[in-house]
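Per-chain numbering from 1; labels A, B, C and D assigned in written order.
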């Protein structure tokens, strides 16, 4: 029997006839975070398999890059991962700078880091907020989004847009920090610290929430590496690896921060709760980084001189950016013309999505939404 | 009362030569319609409005505030909108059952009001099996939900229906056991009888009667939450897992009925709790109040409704705070935690009543003190959270 | 056995205490101020007036100071700007015959306003762009052919001077001080 | 380990399978024989000095003028924090390569994507279906000679431009 391209097994046991239930979760399901479809094979409440079916948000961004030139592709990278667009900007900027040997001024790098870390906080807030929403509590979601709105306000002031920032340029950033920006960000951070404590009281320590996440889809470090799980998902498994620290780029070597890893405080190491907790801890590290950035930021230009028609020498390079969803790998090929010959971005959600089919075996139906949310999957990032 | 009124109408010839039985039937149907449309529907409606505003405040929002003053008529607008919507019935659904389900659910909910007392006189029927009648009638809701889940011919709905059945069947047991602890004390099943044995002061309420009833109150509360499909036990219509569970395929007026029941049930649950544990309509006997039945009943009704709505708001507030439990956790909560404790309570209360048939004053006062100190500590924590959060920071000059 | 009992009761206690704490947090919100902005009607000032200077809203062109250099058209990655500028043989002036922006296509990236030498094409804080037809999303700025602006040392035309001043200030504040990088090849 | 040392280790083991190495480029890379890619990858993962436990990225590039499709493997080691780039070339007309799915599970989806967008067939892949494009899509979009069809299932793929 075949349903929508997938083979369905009908298991006729002895005595009472039972068959696996095939459920279509998505494309329009409240907790699939975008347009995404799972074909769930379930035995009552227990899942046998959940097969992801992606591609509903495929916008052929890689193909577009071959048509618009190096500068013109920058706004398109916003759309790769619209929740954390700053990192896509940075990735494209860095890969082009490596291709064309452009040095970014120091102040430009600091501006990039400030924008990126603000964006990381907002992205993680969205992640933990929607995770708790999927688990069934509504209020923490609103509280997270209330704080996220403030970051959006800050980023709006920095670059004029709330979601698709297009802030970075090849060779630096588009605009310097606006006057009075430091005071605003620091005021926000001191208020946000207290909000995080409140969030811990409301959500993190909540026993019902911990019980929902503990032991759900625990991933071993070996599996995480084999599936190329990256970012907070990887660190939750106990692997202390962060591109910012281990393959340093930008000004991260000058900044001090910890790399939090999962400890299995609610159950097994690498379970959904660890993934949640690593994000919360990373928010705290980002606050630390932001405070240091404002202390260390030098004066000077924010963008290097780059010709409007950029023609990098032929060659291919790869760079990695620690995006909010982990190691984002940009690969670009130049053939010496003004258009990129090929551009490929391997995103964090893509790897996590590929793992769900393996993870879902034997989980409860309700756990699937927990797993999707805890892996922080943003559907457009999978499809690009 | 109704009978006397109808008799007087027949006697003075207003109804002409109508046979007595027909007059009674019309009178009862009319009174029923009056109760349903004038009271029960409004309770559900107002509850939806209150819920939305309560949630909004907890979530730093304002909530509906456009229809009528402060949005007070929002529920009416929503109801009218739903009534005017097209009702889609899925092609593959079992049409007859699909249409029947909302009414089964509504019947299960509205008939419960027959035995819910509002004051010493304001009760439709003071059944001597009152509490049993209510628990059995509200169980009819699950039959409707099961029918809805099955008849929709949608797998999400079916899972929702099955979950509802499993949930209610399990939680009936601890709920019933905890209700029986109160009945052990009172010796009556009548709702009015239970209230009459309590006093107006908290130390006379059954919640503070003994340590066992104190625990029993929380068990009843949790079990009734689960029976009313409220968070953290709203699995049958878990919107992030099952889309909307058993109501996925419903639209228009039938959808309205399900929602009517969901919010109306809040009031019923709350009324049961107030009756059993929180002193019902008992008011202090201020001199002069007892002489005037009207003012006495009014004060009692206001007391009862205020207490009930406090319970309703608490349930909303819980829903705004807690995440949902998983289906296996739901079952283990019931069978591993609530049920054994409910049994211990039952035995303990039996012993307590055996030793102190008239109640033990010291324990009552001590428990009252414990309850109040919990409330005081709670407000201390609230103030702590308020202080820590400090003034809200906003960058937009508009808010 | 004893450990089992401990776990059993500590579980109950943990649930009760964390729920208690969570309820205290949510209760404290009853007395906090909501952060909702009641857009669009119940507001003291329009949202547009509160937006930061860099806000990238709907594009606007000041034809008085447009030099017809086509820098914006070239910079646009989705080709939503079409300019038709021709040199009039008789008057020897650059004539703008057409300056269209398809707002339905525009993605508000701001790449067009950066290379503009006079700040003629710029973002406004206006964002309410919903309309009923695609045709109405076309902003056709040139109603009849006009002469393109020719930069002078000192602007003396009293009508153009304030517009140019605004455009230059826009460039200064919007783009960074080092923004005039690169050469137009 | 530096790129030169890794390439030397590769040459020691597979002297005839490595056709070129480039240490001067910004990202040093080794062009390897496509047919042996799985053995090479398994060696790189299991060798104690190398331990490339992660397939960080895998992608294809269509070099139309040269007449081949190059599949690029970006490997990384969490243990030693070093990386290597492998390039395997497949004939453009009938691109076939062995799958490395059994070496790194991450290759499953990456190879499905390459198959979907560039049409490289991976042998022994467990589930080689289209990933992003519809199942009945004709052609491979990231090939340089791909022409977008006028319509798909009666839906036009272009819209009339008011600007032109």
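As a convention for this text, contacts are C-beta pairs under 8 Å (C-beta built on N, C-alpha and C of every residue); 3 or more make two chains touch, one makes a residue touch a chain.
Given the structure is predicted, the values throughout are model-derived calculations rather than measurements.
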Farthest chain (mean CA position) relative to chain C: B
Chain with minimal offset from the mean of all protein Cα atoms: A
Centroid distance [mean C-alpha coordinates] between chain B and chain A, Å: 43
Chain centre separation in whole Å, for chain D relative to chain B (CA means): 62
Averaged-CA centre spacing for the pair chain D and chain A, given as whole angstrom: 24
Set of chain D residues in contact with two or more other chains: none
Junction residues of chain C, two or more chains touched: 11, 19, 21-22, 24-26, 29, 35
Contacts with two or more other chains, residues of chain A listed in rising order: 139, 146, 157, 198, 201-202, 206, 208
Complex contact set, residues of chain C against chain A: 11, 14-15, 18-19, 21-22, 24-26, 29, 35, 51-56, 74-78, 107-111, 114-115, 123, 174-179, 181-185
Touching residues on chain D, where the partner in the complex is chain A: 25-27, 29, 53-59, 61-62, 72, 74, 78, 81, 85, 104-106, 108-110, 117, 129-135, 141-142
In the complex with chain B, residue positions of chain C that touch it: 11-12, 19-38, 43-45, 47, 50
Chain A residues within the chain D interface of the complex: 5, 54-55, 58, 60, 62-63, 98-99, 222-223, 225-228, 239, 241, 246-247, 315-318, 320, 327, 329, 331, 333, 341-342, 344, 346, 350-351, 353-355, 358, 383
Footprint of chain C on chain A - complex, ascending: 68-69, 71-76, 78, 139, 146, 149, 156-161, 164, 166, 171, 173-176, 178, 198, 201-203, 205-208, 301-309
